[in-house]
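The two complexes that follow have subunit A in common; it is paired with subunit B in the first and with subunit C in the second.
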Partner chain A sequence: MNFKESIRLGLITSGILIFLDLIGLPLTSGSAIVFIFTIVVGLLSFLMLRNRNGERSTLLNASISGSIIGAISSIGIVTITTIFARLQADGIRVNKVFAQILPEHTGALTGLTKVEVLSGASIWPGILKLCILFIVAGTIGGGLTALQSDKTSSRTKQFSSSPYGRYALLVLPFLLFGSFMLLKVEGVQIGGEDENTLGLLLVFLFISTALFAFRGARPGNERKLISIAIVFLILVLPQLTDLFQNAVLSAVIIFVVMGLGLNIVVGYAGLLDLGYVAFFGIGAYTFGLLSAPESFVLVNLPAFGGVTFWSGLPIAILAGVITGVLLGIPVLRMRGDYLAIVTLGFGEIIRLLLLNLRDFTGGPGGVLNIPAPIVFGVDLGNPKGIFYLGMLFSGIVAFITIRLRDSRLGRSWIALREDEDVARAMGINLVAIKLLAFATGAAFAAAAGALYASRQVNIFPDNFTLLVSIDVLSLIIIGGLGSIEGVVLGSIALIGLPEILRSVNEYRILTFGALLVVMMILRPEGLLPSARRQRELRGEAIAESGIASE
Partner chain B sequence: MQTSTKSASRKKILGGIRQRTLSRILIYSFGIIITSLLIWRIVVVAEQTSYTSQYWVSQTINGLLLGGVYALVALGYTLVYGILFMINFAHGEVMMIGGFAGYFTLQIFTTLGWTEGPAYLAVLSILLVIAAGMVASVLTGMTLERIAYRPLRTAPRLVPLISAIGASFFLQYAALRIFGPSPVNYRKPTLIAGGWSLGETGIIVTRTGVLIAVISTLMMIGLFIIVRRSKIGRAMRAVAEDKETASLMGIDIDKVIAFTFALGSALAGAGGVMIGFHNTLMKFNTGFIPGLKAFTAAVLGGIGNIPGAMFGAILLGVLEALGPSALGLPTEYKDVIAFSLLVLVLIFRPMGLLGEVLAEEKA
Partner chain C sequence: MTPFFEIRDLVKRFGGLGAVNNFDFQCEEGSIVSIIGPNGAGKTTVFNCITGFYKIDGGEIHFRGDLINDRSPDRITRSGIARTYQNIRLFSNMTGVENILVGMEPHLRSTFFGSMIRSKFTRDEERLAHAEAVHLLEFVGISPEADDLAKNFSYGDQRRLEIARALASKPELLLLDEPTAGMNITESVETMHFIQQLRNELGITIILIEHDMRVVMGISERITVLDYGQKIAEGTPEDIQNNPRVIEAYLGRGAASGITTYAST
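And now, the complex of A and B:
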């Protein structure tokens, strides 16, 4: 046991708690915050005491260290809560400085109501409860580190490779789909008012586990069977889901199309493009301006009988490709960091142009009443139709991506990502393959943009901010750079889940930022990595384990 | 047989050379087109509009002051780039946090009445506000380095960059949650409000401007002394040159890198307070665009090059202040000017105007 170390860890925990407090977690989660904070303390105490270079401490020592962490972590939060409660009782509005510190916030932490906080009721019972809970949680968390044995960790690793684990993995998506169907059965009441949210969550889980099942299946008949079953279920899915669920799923699928495009630029060619939203915006605006009835240019091209979705889409894609190449030319000679910032600048320039070229794009007023896509007389201008169309798009894009990846061009891209100089020495025409990467990515983004425009009906420059680029970048990185399944998983996790957890939505970008950092440190290859990238980034570890198993 | 393969390979080599000259010709003709377009535009606009010479002079002064602020931030990029060869994408946010810390300290002194009190108290409070901004930024910068960058030092280049982007957005939106979406208002002490008019010319020099000029100059001199004359500065330069050899010479690399971050962040914190005094408003995303511009400035002068960053920043400030009126564009396009400048520099002179300390191959 090390007092100094425990105190240091306690201070870190304390800092994290104060941060969570200031960003307003107690306000959004209400009285559940006491529970949440307690779990956080326990978890942090467990995680921080666990990795101690293999030295195992006794149960007593670990528990004492944990309790020190718990005690110290409570000091910070108690101090600021006391100060805030005191100020609020005096009628000072703390939220003028710290936006989230409302009386309800203090109340949630101390178990009082808003009126009680404002009238200066004693906060000590609530505070004492907090302290005791933190110390208990810290002690338990610390104590668990001593009980945990090496066997458990290796057992979890073996789980998915053991035959039973593998079968469970294969069956799981179908079980989840079944439970989603169960919700649809008349008379089954699960989840009450939130039934459609629960259903959506089950759909997300179904798709996510299906991706893992596809990975886990043995190549050959087993994988074929699984993928046919999954594709069939996904195709019937939009018929079963309701309007809200389809709306969320159609947003997710648009991001899948975009993610697959950026995956080519960043994942394969290794060109970090932060202005990807520019092509998305160009696609959406090209299609919108050509087809909207009150458009400012080329009012509906009467000679062609009006621009429909299907005649507008190729033009939008072409516009995307042209801008992709045009923006690609100046950045040909730039690498890594420079490229990121310059492309970011391009994205902003395009948005500023959309905003300020009023005569052409309609400025902040946007483009209104964009027509819906129509296929064989069927109007697809509803969430279900857009979802089907999105599936078609992402299917085509995924097919193109796979074919490109396995082609000479795809291998050149990967060579470029690994080492530009060596790639050039191998006789790869860097200019051509870089421009092709930008053009392909831009084409996919423009297609997604056209789809987005007809989904939204009205589009505005504010739909195309830098944050869209960051969303797409985060989702492909968290899913796994260069992995198609990873893009789908990333879109579900980053675009779909926040729609379910409304209160989490306020922390969306905050969480993405933190996730990017954490992923880079702990798992740079992503959640569902491509086989090649995993081998690159974990190469040594795998080689070592290979030697050990021999 | 042999000769034919030889001639074929020679053809290929010649083709490569031809391709390179071709791209060079393309780039130069592109440059000539842009330059002539710019000159044509400036002449046309100059004929149509009639700004007085006073206007130009005061705009230039504004630009110089803005450049001074950019320089403080740009130095942080350059210092970190010089040592780690990575762009600290979150540097603008470090500056923003310094600005917020400065704001709170200013509020305290305003409540105490120091800022409106006797001159020595007012000066002291302004200096303390700047110091508070610097301290907050140093803490943020060092934490950032410890958590987000240090574990990734040996990772492939894209990995720390993505981590930095994540950190940037994390800090920005954490500030949004903590301080709320509405901007806070820097209330200038009377000592630095207003300005002096220069004789009969009608040109006004704001007192804030003088403060910015004095503080940035002092800071830059201080930085120069630290980097060139002190022991830790020598260690920094050694680490920038060659990390492994430096560590063999007994230099603690981690410590030197942490110190570099601290130094850059301190300057950024001062810059944040200056931006607060200059714009009088401070918001969660105040750091982002100035951060990008400071980066542009660092690239303009040659990244990794300390005098280059100062020069680039001042040039950028002036161009940004004069550009919109000279080109007859609305001021909303001033960000576009800065970004276009960045792209043009990277196309025509990627090593920057004063020359990059590193070879292009490393970048």
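And now, the complex of A and C:
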């Protein structure tokens, strides 16, 4: 750990801290210190793991690094706090520009009250205290990291392959589920007003770690056992979660179904589709128009009880397949950027048609009172029911995806992604496999659309904007292109997590933009990449080290 | 009797530039024939025309009596012509076996719904195809790395894998574009024997583009020489070696006359 690197880390930490402060996370001196402590331990551990073959960090060395990081990161936050305090004392309303910066906010960091800040009391004692605390926290963090890495350095190398690490990974989801259950216990008060948000976070963490546990489990009995346990817990989950949590989870699961569809088009066949929302919209509108009482389509015959969810769904899927093929035909000869632009236009055309074909789609007024799906007389038109249906849908879709991936068609798709010309020269019928990719993806999106329509009850053209396409594309990239578990993780990260971050909602897009950029730099293969992508990257690493050693 | 493979009056232009002009070519079933010529002579263009990569501007290409000009590349492959590439073009992020399985595509019959429900037919076909792919890998001599991604194969193995992938479509005519490029003498000689083995054991007709004269003269039964898109000579290796026009094309007019003078003295 050298001096320069410590300064660099300090600046990064400082930047994150200022960002958090400006977007209005209630930062007190206490929480800031905890943050510094965690980030120092985290960053240093990461660096030590990365340079495990290089120089070893001594206790003194790491402590100094920690204190440098603490000191540097305090400078940034201290500077802006001082500036804000001075401005506020002069009676300037900073929150006109920085919406979240109120006098009590500035005061919280320096231990002053709102009145004291406004009256211009000296903030220097508070600032000084903050600086010292930062440096102390950094030093302790650094020291602890060195101690811990000294003891475990031999073991951390093979954390995931060592039995303890592996068992920890396998047990973790169940612990998280247990702690979620704990929240339900009468008399336990954790999180106060935010208890249901906390519960949701635990559910997300449970599902995410379950995916990793599934990956980490040894094939055979161990994996079977883990999967059965996880599936069982997920099936009982909707019974335990409350209305809010189920509403969020049902949105997440609809995006999982869509993500799995786009994953076939983009992840397997490598056809960049930016207008994927079109199929989602067509599925939703087909089902909506057929089933809504005040429909604009003549086939809706109330005399026969109208179209139910189960009779409307196949028609919606068929409509999706047909539009998928219709989009596929003109773009057969296009590749890469051109394909992206055309599909982008296609998505917009569909949205504009929904908006402007008033006599047929209801225009901006949308389609209202879409009926809920009913199974054996049970009304599933509530978040819990939709969540269960979504699980069924995503299960079927994932099954089909796996079967196709391992088939002749899946191989042809990957060959197409790798080299279109050669794939063709191998005797692959490009027209057929491209259209199959578009049609399969569209079918999944249309199914998700029908489910979405009955979840929303009322649908409007505004539900089907370009942003949905971008969300779906982002979630499969974040999760890991071509990976089914990755789609689930991506949906949780992109669709579910923002619900937890409601308090900083305006900055949600900014935060996720930043997350995407960081992800693509640090982990281009995604959070939970497919085995193939992992091999691609591992292969590169081998090739690089091979060059280096020569 | 119609010849096994025949090109008549082939013309291919890129804009105003005539890449191949009135090229005639014939070969018999079970022969090894080479096309040689200086860089930019249009050899690979001829291959691209045969396999349907390029739309030709004139002439006819016949394969076993059928006109194949207007067929798309995948249909040409299905009719029994396979090729390799000058700069290796494997599916680099697929394993060796997967590359070969893609090559078998013309012979696979399982359908979309068959794959979805994993019907007995699909399962049987996949199992057989897999066994055959492993067998093909062994045949070209790269068994151990079979589970590795193609891009991690050694250079020589990548060349061999490309041939194996071409063989997977069970071709009757195999087009090899510089199969020994970048190889040392030992490897070239090995490859040469391997090509002969292909013809002798599998009865595949082979058209070869090659720069290494040792290989060309060693295994070709007939040689066609291209220069500026024109055929300038055709014949047995002995004919070609003594043809002044060929020497001129390769070495330039001065050198050619020098050699002729030297030979006559």
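Basically, the second predicted complex is superposed on the first by the 368 of 550 C-alpha atoms of A that agree within 3 Å, B and C clash if a C-alpha of one lies under 4 Å from a C-alpha of the other, contacts with A are read in each partner's own complex, and residues count from 1 in each chain.
Here is the rule we go by: a contact is a pair of C-beta atoms (placed from the backbone, for glycine too) under 8 Å apart; a residue touches a chain by one contact, two chains touch by 3 or more.
None of the values given here were measured: they were computed from a predicted structure.
Asker: Contacts for A:Leu436 in the overlay, against subunit B (first) and subunit C (second): which applies, first, second, both or neither?
Answerer: A:Leu436: touches subunit C, not subunit B.
Asker: Check the residue A:Ile428 against both partner chains and state whether it touches subunit B (first), subunit C (second), both, or neither.
Answerer: Only subunit C; A:Ile428 stays clear of subunit B.
Asker: Can A:Asp419 be said to touch subunit B (first), subunit C (second), both, or neither?
Answerer: second
Asker: When both complexes are superposed, which of subunit B and subunit C contacts more residues belonging to subunit A?
Answerer: Of subunit B and subunit C, the partner in contact with more residues of subunit A is B.
Asker: Per the contact definition in the header, classify A:Tyr338: touching subunit B only (first), subunit C only (second), both, or neither.
Answerer: Touch partner of A:Tyr338: subunit B, not subunit C.
Asker: Just to be sure I read the superposition right, which of the two partners does A:Arg532 touch: subunit B = first, subunit C = second, or both, or neither?
Answerer: The answer is second: A:Arg532 touches subunit C but not subunit B.
Asker: Looking at the overlay, what does A:Asp359 touch: subunit B (first), subunit C (second), both, or neither?
Answerer: In the superposed model, A:Asp359 contacts neither subunit B nor subunit C.
Asker: Which holds for A:Leu404: it touches subunit B only (first), subunit C only (second), both, or neither?
Answerer: second
Asker: For A:Asp90, using the defined touch cut-off, is the partner it touches subunit B, subunit C, both, or neither? Pick first, second, both or neither.
Answerer: In the superposition, A:Asp90 touches no partner, neither subunit B nor subunit C.
Asker: Going by the contact definition given at the top, which residues of subunit A touch subunit B in one complex and subunit C in the other?
Answerer: 421
Asker: For the complex, which residues does subunit A have touching subunit B?
Answerer: Where subunit A meets subunit B, its residues are 19, 22-24, 95, 97-100, 266, 270, 272, 274, 330-331, 333-338, 340-342, 344-346, 348-349, 352, 355-356, 421, 431, 470, 473-474, 477, 506-507, 509-510, 512-517, 520-521, 524, 537.
Asker: How about subunit B: which of its residues touch subunit A in the complex?
Answerer: It is residues 23, 86-87, 89, 104, 107, 147-148, 151-152, 155-163, 165-174, 176-181, 292, 295, 299, 330, 332-333, 335-336, 339-340, 342-343, 346-347, 350, 361, 363 of subunit B that touch subunit A.
Asker: Can you tell me which positions in subunit C touch subunit A when the two form their complex?
Answerer: Touching subunit A from subunit C are residues 51, 53, 72-74, 77-78, 83, 85, 89, 91-94, 98, 101-103, 105-106, 108, 110, 112, 115-118, 122, 126, 149, 151-152, 165, 169.
Asker: Could you pull out which subunit A residues touch subunit C in their complex?
Answerer: Listed in rising order, the residues are 400, 403-404, 407-409, 411-412, 414-415, 418-419, 421-430, 436, 532, 535-536, 539, 542-543.
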